[in-house]
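Dropping the structure in here first, questions after.
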Amino acid sequence: MTRYLGYRILSSLVVILGAATIIFVAIRAVPGDPALVVLGPSATPEQVAALRTEYGLDGSLLGQYMHFLARMATFDFGSSFRLGMPATQAISQAFTATLSLALAALCIALMIGFPLGILCALRPNGWSDRIISSLSMTGQALPSFWVGIMLVMIFSRMLRILPSGGAETPEAILMPAVTLALPLLSIIVRLVRSGLLEVLGEGYVQTARAKGLREPRVVGRHALRNMLIPVVTVVGLELGGLLGGAVIVETVFAWPGLGRLLIDSIAARDYSVVQACVVVLVLGFVSINLIVDLLYGYLDPRVRVGS
Amino acid sequence: MITRPADTLLSVDSLAVRFGGNEDAFLAVEDVSFDLRAGETLSLLGESGSGKSVTAQAIMALLPRNAAITSGRIVFAGEDLVSLPRSRTRDLCGTRMGMVFQDPLTALNPVFTVGDQIAELFRVRQGLDRRAAWLAAAEVVDAVGIPDARRRLDAYPHQFSGGMRQRLVIAMAIALKPRLLIADEPTTALDVTVQAQIMELIRDLQRETGMSLLLITHDLGVVADVTDRVAVMYAGRIVETGPVRDVYDNPAHPYTRGLMSSIPSLEESPGLLAAIPGMPPNPKERPSGCPFHPRCAFARPVCSVERPALRAMGDRRKAACHFAEEVVRLDPVS
Amino acid sequence: MTRSPEPLLSIEDLRVSFAIRSGFLRRTKAEVRGVDGVSFSVMQGKTLGIVGESGCGKSTTARAIIGLETPNSGAISFAGERIELATPKRRRQLARHIQMIYQDPFASLNPRKTVEQIIGEGWLVHPDLVPESERKAETALLMRRVGLDPALSNRFPHQFSGGQRQRIGIARALALRPRLLVCDEPVSALDVSVQAQTLNLLAELQHELGLTYVFIAHDLSVVRHVSDTIAVMYLGRIVETGPIGPIYARPAHPYTLALMSAAPVSRPWAVSRPSRIVLKGELPSPLAPPPGCRFHTRCWMARARCRIEEPKLREVAGRKTACHFAEEVVAEAAPIGTP
Amino acid sequence: MTTMRLRPQGIGLILGLAITVGTSFGPVLQARAQGAAETLRVANPVAIVSLDPFGAKAADQPTLTVAQEVLEPLVMRQDGSIVPWLAESWENPDKLTWTFHLKSGVRFADGSPLTSADAKASLDRLIAEKGPLAGLWAAVDTIEAPDEKTLKIRTTQPVGTMLSNLTMLGIAPAAKIRDTAFFNAPYGTGPFKVAAFTAGQQVRLVRNDSYWGEKPKLAQIEYRYIPEVSGRITALENNEIDFTWGLPPDQVDQVRGSQGLKVESFPTYSNYYFWFNSSRKPFTDARVRQAMWHAVDFAQIQKDLFPGTATVAKGPIPQAVFGSSVQKPYAYDVAKAKQLLADAGYANGFETTMMWSSQCCTAVREFAETLVSYWAKIGVKVVPQELERATWLDRLLKLDWDSTLTDGNTLTGDADFTLARLYLSTAKRMGYANPKLDELLLAARAELDQGKRAELYAEAGRIIWDEAVGIFPLDMMVHAAYRTNVTGFKPTPNAMPRFDSVSKK
Amino acid sequence: MSVAPAAPSPHAKSPRRGKLDLRLLVPALFCTLYVLAAVFGPFLTHYDPVATNTSQRLRPPLTELRDGSLALFGTDQVGRDLFGQVIAGAQISLTVGILTLLLAGTVGTALGVLAGYRGGWLDTVVMRLADIQLAFPSILLAVLIAAVLGPSLVNVILVLALTRWVVFARVARAQTLAVRVRDFVNASRTLGASHLHIVRHCILPAVVAPILVVATVQFGLVIVAEASLSFLGLGMPPGTPSWGISIANGRNYLVTAWWISTMPGLVLSALVIAVGILGDRLRDRFDPNLTTR
């Protein structure tokens, strides 16, 4: 187990290092100059040069890169040109916001998706299955920015019961979370449905029935646990995507999360924050995958290494 | 009207099971009747698609969703299971009827320890507490010949060999001392030597507990080894039934006869086998009249028109062939 | 006695092992000896039956002959040529002489190709064999030969029954006009009535085309029916081999004896055979085969010597067997046959 | 035996936990302000990411909007003219020297007195940070604080814009000026001080009770960032906020009709302008530039796209700016435009590009698309290029463009800030070089007499306008919308609303 | 667990072929409609993205315009006919969808098959790259590429292909791994077939079906992604009648002109749903295992 974990952590590090390198190069390859963005259209070349020195951008690229890596090891990304605070500080607020949003969305998706998926699988091709399945198809197809806009139009503009954006009040998380949850919810419904249908045809489910167990127990205990395995994998992947993919929802609802911070920081060529964002997002992604792997081992004793 | 001996445990009467909906519906089992007395062993013998497994599933209320019993009765210990609600039949499963499945690998839930799965029976069905259930599980596992039972309860199914897994499945089936054990191809997935071990185990258990055994198999040898009576199925129907020796030595149905001559023996048997020509019919397109007639060497015009009924041949045998008397008089199968 | 002619296939001390890899660098953690020192030979036009339980190495042997496994050591000679030493190109050329029939007729046919494409696939690889213009006719011929209606040549495998699929597999093998057919459990997935048809077909083909078979099965009756000689394998080794008659009449290895006694027979009352021996215990892990005689852990006759000294294959009563006490076994075993 | 076993209840527990975390995410949530009546809730259209007006954000309107309530300048521009503020008076001993006398009795919110050292430190830091406003002070030679109340600034050349520049310099305590933490909750001599600040999200100001001037009526001001226009309007209508501004022109009418809401529109120092790259063909020819101008009916555009929210421009800088002048309008005349093109040798039109920054200004895309549509009618195919701001800036400064549409803000309210900064040939902003213009602009900058400066700028403006260095279509108005219970709001043309005089019923 | 039905008879018709499958037909017709709209629509509506008409802006659906034409979906914020815009948008969306999938599908499938078939270090490298790609926020790539190259059709396709190849590579690799060890592949090897032959005749045919299914799912996602990029101002250049741009344009007019965002959104969603249903049905039909069992 430890060996396997070691391997996974090592390959995660490779991924993080790769991503960090890519972003380091890419953000510098993009036209535009952080100093220039700060100074605005009135800047003179001398001013720009002076500010670049101030920012430590005048050294060799390799030197900057080594410096970046060295500091990254201690989770220090330098200070933000735009915000005038350490990048990690800027990140931490945004990360909390994004994580809250992602978790809220995940909870909504799981809490609604699971029962609906089970409902579908218990009566495949019944009317409830057809309705839920087609709704879930729709949920997956709707572009989230459009859904967000429509939600704002309905709940904020017409009904005036929810704030249209921001994160000041607890209920403000509802619409962005629902918007974000919608595609995930659809995926979960379909995964649970197909997973459960598949599992329900398995021999051990027959065995459980032959043992005289009641259907709720057969489904709830014997089938569900086995079905969780593919669901966990996909949900993990999706959650990893949610962290970085919430940009649109964050934009529509002015949610002060990582995605927005990333977009704003790129626009400002705020190198340190961009790099920090990417590293944190990638770190989040690989950690989630690692957790999924461990969970996988927990859910399925067959893949437990060393047992 | 069929008279039943007093000790009849299971009686299946004119059972028919339909698969699929509307257009592609077909009868997987048709007009199947047999009795099983307490302590007796009956084999349902047939090739794939003959309806033998479906019959077992119908008895255990384990038919897949797209299947339904369309007619007939299944009387178990005096109760008609067909008219009972599914939940009541389910109650009988485990306690009064146990089932052993073909593939021990898929029959066990891979994510729970075997102890969990066996103890569950005692906890849920008998209301034992966790500890007592665990002890009872250890006892059963020990009874099916798994060494070091107490310790191995903590293991997962994948940590057992195929033969051991089948023992575990059997343990689950007999844990609550059912009066009827249905074994659906219990040895097909196993090696020859393991197969022998498992059949011996089933026989021993049957001897000890006096339960009845309904054995479903395609293996003529297994049937001969363990059973008193055999019912040969073809295309969803029973074509012949009777004591194993009588049926094997002097088949009354051409299909049984064909089967007997299809298998090579351990002795020298030069030349070609007397194989049955053609293939078993598709359940959706069964031939008219006697379903076996296209493959039958004895077929005459009447066979393609009129379906032969399962009729008595002497007091213990029945056969569904217009010319059963002729067939039975042929030279014995060598 | 005249000196026997050159065998078509001969295998000398074949060893095949699988590496179990794991860890970051995929280092070999352990080796499983799938086949551990197997030797046999088959004469042109004859059938060698290989029996044994799952994990005994019989399928691995087959795959090594066919080139799907690379032997660690040993020699595989086909018509006098060492095929395991052949270059990949030569090996591919040789492929047309050595073909295989697979156990699972559902898995061994490409589900996305028509019967015609499947049967003709070999001609794409060996284009000289049949000119393009004649392929259609040749396919029809082959299909008729194996008992399939050539009108079905545009169907896909899933539209056929198991027995028919096995016939397609046979036709595919025959398309290359091979000399040797390796049959890996060709009938074990088939129903009894279809199994008989298939066995008959194989017998007819052998008779007509002078084919040589290596026939792998776990069903002793089937092996008896088709084979001239037999090799019984246990845990990667041959424990007994020789002509079919003597071995079936009086096994000289306890394992063979146990197999014979356990084999289900359709009418046990009509056959006399040793009383059933139910082997105790489990098949040992091939990762760590027992020392001495590999069978000793399950053998009711095992003595101290068996645990230490590995018995060699030696001539006993008209066959070769690898048991220290083969003579005792032969003497004890009741002959099998009609009482 | 049961160690590794997680029951379904366990999974439920995890779910529950996740929900709790998901809905009660601490740092994001801020307690609602208490004392709603004395709290003005403001939604700013652009995020306030920093409260430090000396560094990178020295010219950042969101930052300055808040900073102006907290840090006060030496002099202030009120109703177009400069009035003393923290400086009581000033004089020029010579053309290169400015001496300011600070008001006495002014204290910072922490009780420490205001001294000239604070003013010096503030200006020193602004220059040292090399931020966007540092350029205004390029001519500064020395800054001295000979005594606590006197500040002496010496320049290397006469600086006519000294006073207007000073309006942009808020004075912060010298002791804190280099303390980055200070700018998370800065205070100064102003009527308010910062109580809480979450970058990019919200700022809460509380009244500075020891303020030296007239005490503000509001106890608190809350700024929160709502980027979506509709979101801001909704929030206003739903009484989630009291005040917002920066509404897009065509939403204003709808808000005006809303009950309980009031909209105030006022002219600003900002305008839209469209520059030609006069160093690139075909815009090297003034006739082409003029033709483009004549081809567009700006009056119509103003009426349709900017109803009551912008005015057709009368000169290259907005009329509210010191130094502005009224020029002769370009008529919408397609025939004339075509004629001019033909004269310049482009009878069949030409193809060119127009870039703008996506973050530029309200309705910029609509505006740009409309322009493209007009120009198509005289045979000029203009390919629109909407660029990210950083890229736009990059290309702008590299003169790597044909034409660009953008907005300008004369932050200081002084023509110099726009004209001398951008139109000097040495600035190389739009490839236009005219020695006469250079001469006028430099003279105006060095002139301390404001009357003379105004004349010089008027002349410079005429050249820029007539030569069509760019097209100056519209002067912007800003629309502040607020609930009717907000009173006392006085619009300021720098588009940075102040709330010291505001009260809430 | 053998459930009754026997081996299919040789006379069994190939499954469902020839029978009208409404659930396949309806979405297919729907998609065809979009294709027709994309191909011929512009000829019918004469939509000119450059022709703004500010005096006719923000007209609600079904308004008769001054020139007598009917604005079916209303007009947008600069007075262009929204219906024409949406029709023209179909062309863009379909173009982006198809080209992106072709690019990503080809590259991804090739890499996936190669990685799965060859294994070893090649597999490791490709899969680590895929990991990085997956972990790397795709929006970031879009921003970077848009910033470097500027918004354009080609760049949108590049960005989207860059973010999608992984999906194809993973599916292709998984399928390759699964097929590679199947007996029918062994059978081909036994025939003496070369690697090229095996990949061409055994692996690729098996990979195509799941890839097609993935492609239908991805098609919808790609179209939405294009719209999202355009919505963020990172996709198509302004003035392009992309659905995403139309929706984004309408964002500021939710109160005064709801139709600007709503109409293209509905049209977009309808297409994606239709493609999704189509993909589902195709999956059912393509998979030879599903059709036989």
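So that you can tell them apart, the chains are marked A, B, C, D and E in the order they are listed, and the count of residues begins at 1 in each.
Rule of thumb we're sticking to: a residue touches a chain if its C-beta (ideal position, glycine included) is under 8 Å from a C-beta of that chain, and two chains touch if they have at least 3 such contacts.
All of these numbers come straight from a predicted model, not from anything done at the bench.
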Touching subunit A and also subunit C, the following chains = B, E
Target subunit E, source subunit A, minimum contact steps = 1
Two chains sharing the most C-beta contacts = A-D
Intercentroid distance (Cα basis), subunit C paired with subunit B, Å = 31
Which integer distance in Å separates the CA centroid of subunit C from that of subunit E?
-> 50
Centre distance in Å when subunit A and subunit D are each reduced to the mean of their C-alpha atoms | 36
Cα centroid separation between subunit D and subunit E, in whole Å?
-> 43
Would you give the residues of subunit A that are in contact with at least 2 other chains, written as numbers and ranges?
-> 11, 30-32, 152-153, 157, 203, 206, 251
Listing for subunit E: what residues touch at least two other chains?
-> 1, 6-10, 12, 143, 147, 251, 254-255
For subunit C, jot down the residues that touch at least 2 other chains.
-> 161, 163-164
Subunit E residues touching subunit C in their complex are 6-10, 12, 14, 182-184, 186-194, 197, 201-202, 205-206, 209, 288-289, 291-292
What residues on subunit C touch subunit E, complex-wise?
-> 63, 66-68, 91-96, 98-100, 102-104, 107-113, 121-122, 124-126, 149, 152, 155-156, 158-164, 169, 172, 176
How about subunit A: which of its residues touch subunit E in the complex?
-> 11, 14-16, 18-19, 22-23, 26-27, 29-32, 134, 137-138, 140-146, 149-150, 152-153, 157, 203, 206, 237, 240-241, 243-245, 247-248, 251, 259, 262-263, 266, 278, 281-282, 285-286
Under the touch definition given earlier, write down the residues of subunit B that touch subunit C in their complex.
-> 47-48, 161-164, 191-197, 200, 218-222, 224-225, 245, 248-249, 258-269, 272-277, 279-280, 333
Note: in the complex, subunit A contacts subunit D through residues 30-33, 36-44, 47, 50-51, 54, 81-85, 90, 93, 96-97, 99-101, 103-104, 106-107, 110-111, 152-153, 156-157, 160, 163-170, 173, 177, 220-221, 224, 251-252, 254, 256, 260-261, 264, 267-269, 298
